[in-house]
Structure formats: structure tokens, C-alpha cells
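Sharing a structure with you now.
Naming follows writing order (A, B, C and D), and every chain is counted from residue 1.
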Amino acid sequence: MRVDLNSDMGEGFGRWPLGDDGALLSIVSSANIACGFHAGDPSVMLSTLTMAARRGVSVGAHVSYRDLAGFGRRFMDVASDDLTADVAYQLSAIRGMARIAGTSVGYVKPHGALYNRIAADPVQAEAVVNALVRVDPGMALVTLPGSVVGDIAAKAGIRVIREAFADRAYTPQGALVSRRVPGAVITDVDQVAARVSRMVREGVVTADDGGDISIQADSVCVHGDSPGAVAMARAIRDRLVADGIDIVPFVDVASGGDRV
Amino acid sequence: MRVDLNSDMGEGFGRWPLGDDGALLSIVSSANIACGFHAGDPSVMLSTLTMAARRGVSVGAHVSYRDLAGFGRRFMDVASDDLTADVAYQLSAIRGMARIAGTSVGYVKPHGALYNRIAADPVQAEAVVNALVRVDPGMALVTLPGSVVGDIAAKAGIRVIREAFADRAYTPQGALVSRRVPGAVITDVDQVAARVSRMVREGVVTADDGGDISIQADSVCVHGDSPGAVAMARAIRDRLVADGIDIVPFVDVASGGDRV
Amino acid sequence: MRVDLNSDMGEGFGRWPLGDDGALLSIVSSANIACGFHAGDPSVMLSTLTMAARRGVSVGAHVSYRDLAGFGRRFMDVASDDLTADVAYQLSAIRGMARIAGTSVGYVKPHGALYNRIAADPVQAEAVVNALVRVDPGMALVTLPGSVVGDIAAKAGIRVIREAFADRAYTPQGALVSRRVPGAVITDVDQVAARVSRMVREGVVTADDGGDISIQADSVCVHGDSPGAVAMARAIRDRLVADGIDIVPFVDVASGGDRV
Amino acid sequence: MRVDLNSDMGEGFGRWPLGDDGALLSIVSSANIACGFHAGDPSVMLSTLTMAARRGVSVGAHVSYRDLAGFGRRFMDVASDDLTADVAYQLSAIRGMARIAGTSVGYVKPHGALYNRIAADPVQAEAVVNALVRVDPGMALVTLPGSVVGDIAAKAGIRVIREAFADRAYTPQGALVSRRVPGAVITDVDQVAARVSRMVREGVVTADDGGDISIQADSVCVHGDSPGAVAMARAIRDRLVADGIDIVPFVDVASGGDRV
């Protein structure tokens, strides 16, 4: 039995560090690396890619709206052609930087508000998929199970990776409970670790009404932007390993640079 | 007999257009395309690259300091590692975008203050050359004849293209007369066209003391950011053609995308 | 009889000029000046404010979402406190710059996507009004007649200026016809000039179904970002003057700097 | 006997916090607050100004080159008029925000590379002083003793505050030892506290050759961007208080908003 653990990395910018990427790289199998539009200047990108390459961790492009001040967390009504160009630019940049660092970009995970938007908005979803198709349709796309962008990507021949969130509560319909609702984020480390293990082993998770629901997770997202977050990520990994689950990336980690 | 004509393009940004790229593409053989750090958002880049590809014009990366507000015209005391990363990021981005547009990036021409600085500063010159070497040492570098960055690039095995300026006065030592000096920029169209033709045919230009000096120009830079500039560029081309000189790029124009 | 004519100005940024502010300042009575978030770097702001002060044209703050790449034309889902702070920052900056230039900021006109959004969104409208109230409730607000932000501002004791658009078609309900609809923008100069004159003299305009509707316009917006636009603006002014209408700002033009 | 302690604050940006401003505000008497060009978005500015106002800490404008990616630590060759406009814009913005927060800006301390540059470069120094004079010559300027900008400001009638650095080694000539030299930064807390106390009580400090030199410090700069830095700042304050020295700002803290 196996699963991928992914986490956001390389989210510093200039003078401002963010998160403990060094610790995370010994925990996760896939690193979502910022491309400069919500975080991640070129120096941060290059050093994070180099660290990931050395540790044998798979790397993905964490593409975003162009919004450093808002960290890519604010929806922006970007026209389709501009969004395609913005994503293609970020993908191009990180792919070249990855090759320098001795690795390659195996997948794309949209960040923040863009991730949420294209789960439901077919116009922006199409624009993002167009960028993938034009740059390299061999890259996988990480998204919520059942998302609109997942459907569009699949139709375009792109491999879709279904993602679950380790510390988030789910509704009986399988959606994430809004962060505005009390209990939306689960903070008990043992409980979170047990939930993730059960997701992988049984394909189920307990929803916020107490009932079990089915959940398909090719990759589970963990966080690393606080000391508590790193400890939780480590506990999740330890629990999975103890339960006999292999933590492996969903794409092969290239050793010799970009495949293109 | 042959020479390359190059011009800066794709220097709009968002709402702000700049220059008449459409007209220039019927005049020059090489297009220096902004990469987003001094000008050129992703949409502008993609459309300019696409136009250049359709017209069979060679494309180069017009890399810059990160300074939109100053259009890359202000020296910045960037640390070497950061400068290497900044240039590598821009090169990576435009190379990927060029492949989407059906062409490839054959050369690098640093822009504005960076161009001037690395003609004389070995530290920043080394940082820029390092970026080229790491991204693709097969790209040529456009610089002033005798520049420090040209020497460093040549030692690193990079092809160096010597550039002359069509409308600029030269000192008896072969340096450009400072723009602050009256007469530094020659505005008479016929005179400029005749000078360029003589540079190519005879390898000489009349310096500002009236004497002739030797000048080696693999490529001649023309401008297109005003109606008068486009007319002058066209006059230069017409004169060269009338004098039996072929206008051809110094690198082959790829038809099937990036060579890498 | 009197009316104000307003136009956007100071929308260059660094290397990129935009529009013919010099020509517009001899036409309009109020200048909406960009504050740096969608356009207008500090040098552009200062020179535009100085020109307006010399010509005796009233100045307003053209505040925007923080989006240079999109020229403030894309809706952004900014949190209320952040939006209030962003607008307060822009208002503070331009008020100080106006005082240096020998004038003062008499009003606020939100720009682009923000202007449209707060005509209908009470949350962002409230955030913008909060900024005005905190910075100086003596400044007027320019908005569409009947807009949500107008109601909120009026309740907060702010003077609300109702704006009409010279070259836009109106629905029978008095709303602007969407730019996506053919005929949304009227390009015949004489027709536009006649419409504006009738708006002022009779308080009516012909809607796109051919019927007349009532329209209350304290200020009419004209454009200046193309040669044709300036000519149309001048024709509107000439027609109004010929029809005996005075072109006067709706706020007094300060002569000795900020009133605060 | 009395002295001012100052520290940089409000240097977060969007998602990225920096330093422990809450702790510092109970230690220092003057807060240098970022204005958005090297750090400090409008929300951060407003909350930092509000905290400072509540704690009765004097506030100053920490103006910078426009360089978020480099945190204002890289020299930029900005033209004089542009530099004056950039500084005037920042001063205007923070003065308006300070009034909203119930305080006023009593002084200006240039940040990073700009601080260092104008200590010796008369052209950029003049440009910065021009901005102060135009916005409000009643604000004081914080700079190194003997700096070029201090002389220019004094001639323009601006009050000049001489600044010493708590943890930096000095040459026998009274200059700061370059950070590239081992021992440039003193890390022993007791030693630093003792040096600061002696600077204030005796007007001398031990230079890096072991001899005592004269030093005039109206204000001493302490740091707060690491847990160790805050502890050192607190130790300095405690030592000064124990030695009978009052920690008081060099400008009065306004209670009712901007004086203008």
C-alpha cells in the first residue's frame, strides 16, 4: 500500500523566509514549489529545487495568480488568455530552474485562490489546462476529487491526481468544511494521523456528521509553515509507515534534468 | 556580404503598449524580447514571440534587473547569486514561452543598465555568464566589442556577438559617446544609413573627431519606439539592401521549437 | 447652467506614458489622478498634480485595487480591512503629493474594477467608504447614480457626486449597456456632444430602445487616451459652451494646498 | 541623563511577518516604520502605527528605494527627481496613515542601502532632503554622525539626529566596521549593554583597536528581528535604566494626530 505526501515549499520571498522546508523534505514525497507569482523569488526557487533534488523529493509547480501582496489567496478576475500566459510563464520558469537544479517538474498544483476557483469555474479551469497542454501535457495536475478542472484536464489527456487534506474536516458530501466553520481544521495530531492512515488503507474518512464517507486520495497535503505543522506532518508520516504504507511520489523523480 | 539587424521588442506591460513591433518585424532579423523584469508581461511575451516566429525573425532574451518602475535603466547592486538566479529565471521563462510560440531562443542580450554594467564590471558579468552556462551555453551573447562580459563569456565557450549602434556617435577609441554629450545621437536618417552601410562593407566608422576607426559589428541595433525610429530603421535596411548586403540573423531561426 | 467634466489622468508608469494629459487639462474641470496602485508612479503623480494646479483644474484621487499588471481592471476579492488600508494609503499619498504641488484633493473616484464592484457590493463599498471617513470625510465621492457605495457614503455624511458617461449607451432602466453589446460605446462625435448637452440641459438621455430616460449627472466622464478621444472631449466641451453651459468643478480648487 | 532607543518595525509584507514588534514597543522609544517600498503593506503599516500610538512610542518614516525583492538593501542608481518623488510619496502615505492611527510622524530614517548611500553621496542626499523640505521640514532626520546627508539637512534647517549602533564595532576614526570583517557585529549581550551605557554616560566607545573614541549619539539603534535580538534590546534598556538613564524619544509623541 502506498500514498504520496505533498507540501507547499519555497514560499519565502527576498528577506522573508516561510516554513521549514528542510524539515519537510525529510517527511514528504512531493514538494509544491512557488514560481514567483505569490511567493518564491528566483534565488529561493533555485535553492528549494536544489534541496528537493538532493533529497530525492518529487517537485511540482505551485502556480498562482499574480499577487504577492495577497499571497495568491484572493480571487482575481483574470481574462482567459492572460491566465493561460501567466501560468505558462510560471511553468516555463520553474521547469528551466528545475533542470539547472538537476531535477524536473513532474506535476502542477495551482495555489490558493486559483486552486479553489478552478475547482468550480470552467472558464479559468480551461485557461489553466490550456497552459499545461501547451507547455507539457506530460505533467500531472493535482486537484480536488470531482473538481471541474480535473474533468477538463482528464479530457485533455492529462493525468489527474486526487488530493485529500490531512487536517481538514469533510462534509457528508465529501466537500471540505469551510474554514469559517468551527471545527473545520482538526488540530489533534493523533486524530489527524489516524484519519490519514484510514483514508489510505480503507478509502474512507469520518465526515463532520459522524458518518463515514468514501474518499479517494492519491496524495495527501500536509503543512510546514509553523513548528506545530511540521510536528503534525512528521506524526502523519510515522503513523503511515507504522501502518505499513509506503510514502512515494506519484511521479518518478527525474535524476538527469527535465524530460523535454 | 551580410549583417544582422536587432531591435528591442515586446516592451509593453499590461495596459501600456510600447513601440511598433509589427513594423519592426519586417525590418530586423533579430528580436530582443523582454522577459518580464523591466517590461513584457506573459501575454505580451507570448504574442511577440508568436509574431516573430511567424515572420521568421530570430528571437533573443532581453534580460534585465528586476525594476519595472525604472524600466531596467538603473544600476542595481545585486548580489552575484541573486543576479544569476534572476537571469536564469528570465531565460527559463522565455525559452518555455518561445517553444509554445513555435520558435526558440538563440541568444541573450542584457538590457539597459545591466548591459552597460557588465561591459565593465567583472563580478556582475560573471554572474550573468553563469546563468547562461547553467541554462544553455549554446545561446550566443550580444555585447559591446571588447566588453568584460564578452571576454568572460568567450572563455566559458559562449559565442559572442559584437554589436554596433546605428545612431550613436563613437569616440576615437571606439567607445560610445555619452548620451549627455551633444551630438551623441545622430538624427539624420541618410547619414545614419550611410554609416551603417560603411560599418558593414568597410568595417570602419567616422568617430566624433572626424577620423575613421575600425569597428567590428556582427549585429547592428536599431530602434522602434517612435514613428521616427521606425522610419530610420527602415531606411537603414533599405540602404543595406541597396548596397548588396543581406540582412540575416546570426543564429538560425528554429522552426520546431527549442533545441533543448 | 453648469456641469463638471472629469477625466482620468496621470496614468503613465515609469517608461510608459498614457494619454494626453496636457490637452485634457484645457478641456476638463476635474482630473482623476492615479495613485500608484493601477498606474501613476510618484514622479508621474507629482508632475500631473503640478500641471493640474497650474491650470486651475480640480484634482481627485483615482484609487484602485493593487494590480499594475491588470491596470486595476480585474476584480480582486480583497478582505475589507485590507481594502480600507489600501485605499487609505493611496489617499494619504496623493493628498501629501497634492499639497507639495500646491493643490488639494477634493474628491475620490474609484477606478476600473473597484468602481464597478462597489456600485453593487456592499462589503467592499463599506470598506472604501471607511477609508474616506478615516482619512477625510470632507472629500466627495464620484460614483454611478443609485449605486450601493453612493448610499453608504451619503449615510456616512459624504457628499456624493453622480457621474454620467459621455460616450456610453444607457438601458431604459438607466444602467450602462455592457461593453460586450454592440453599440455600447457611441463613436459619433456630434451625437455624443449633443447627448451630453441634453443630459445637462434637460436631464434626459435617449436609451438604447429609443425612449428618453431621466439622468442626473453632476459630472460627465470623458476620455483622453487616444487622439480621437481628445478630439471628442474637446467637441463635448465646445458644444456645452456653445449651449451656454459653464464647465466648472464640483469642488473648489484650492490654491494654497491641502485644507487639512 | 537620557537617550532615545530606536528600532525598525512594520517590516512584514502580506503573508510574511518579520520581527516581534509587540515586544520591541515595550523596549524602544522610537519606531522606524516601513512605508511600503522595501516592506510594510498598508495593513501592516496601519496596525503597527496603531500599536505604536497606543504604547506612546514615537514614530518615524523608514523610507527606502523601491525594491521589495531586495528589501531595500541594494543600491539603486535612481535619478534625483525620481528619488525625491519616491521619498515624498512614502512620507505622504505614512503621515496620512499615522493620523488615522492617532499619532504623527516625527522623523525620517532612510532604510538600508539608501541610508548608507546618502551618508556619502551628495546627489542622492540632496534628493532625499528635498523631499523632507517639501513635505514637512519640521520632521527630524536620523543619520550617522558626520554624514553628508546630515550636513545638507542641517543647512536646510532640518533637525539632525545622530545615531549610534548598539552591536556594531567602530573603527578608530568612528566609522562602522564593515560587516564583512570578523568582529563587526558584537554578540555578547552584557558587552553590548555596557557599551551603549558608556556611549550615553561618557560619550565614548572602545574602537576595534582597543582605544576609546568619542561618539555622539542622540539615538541608539537596536534590532528585533530574532528572539536573540529582542533579548539583547531588552538587556540594553535594562542596563540603561539601571544606570539612571531615561529612555525618551527625541521628538514629542503627538496624541492628536498629525501636526499639519
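What we mean here is this: a contact is a pair of C-beta atoms (placed from the backbone, for glycine too) under 8 Å apart; a residue touches a chain by one contact, two chains touch by 3 or more.
Since the structure is predicted, the reported quantities are computational estimates derived from the model, not experimental observations.
> Where the contacts of chain A and chain B overlap, which chains show up?
Under the touch definition, chain A and chain B have C, D as mutual neighbours.
> How many angstrom between the C-alpha centroids of chain D and chain A?
Spacing between the chain centres: roughly 41 Å.
> So how far apart, in whole Å, are chain A and chain C when each is placed at the average of its C-alpha atoms?
43
> Of all residues in chain D, which are in touch with two or more distinct other chains?
Chain D, residues with two or more chain partners: 41, 69-70, 82.
> Classify the inter-chain contact topology: is it line, ring, star, complete, or other?
If you draw each chain as a dot and join those that touch, every dot ends up joined to every other.
> Give every residue of chain A touching chain C within the complex, in rising order.
Touching chain C: residues 66-67, 69-70, 74-79, 82, 113 of chain A.
> In the complex formed with chain B, which residues of chain C make contact?
Spelled out, the residues of chain C in touch with chain B are 11-16, 18, 39, 41, 68-71, 73.
> With touch defined as at the start, can you tell me which chain C residues reach chain D in the complex?
The contact residues of chain C facing chain D are 36, 41-43, 45-46, 81-82, 85-86, 88-97, 99-100, 134-135, 258, 260.
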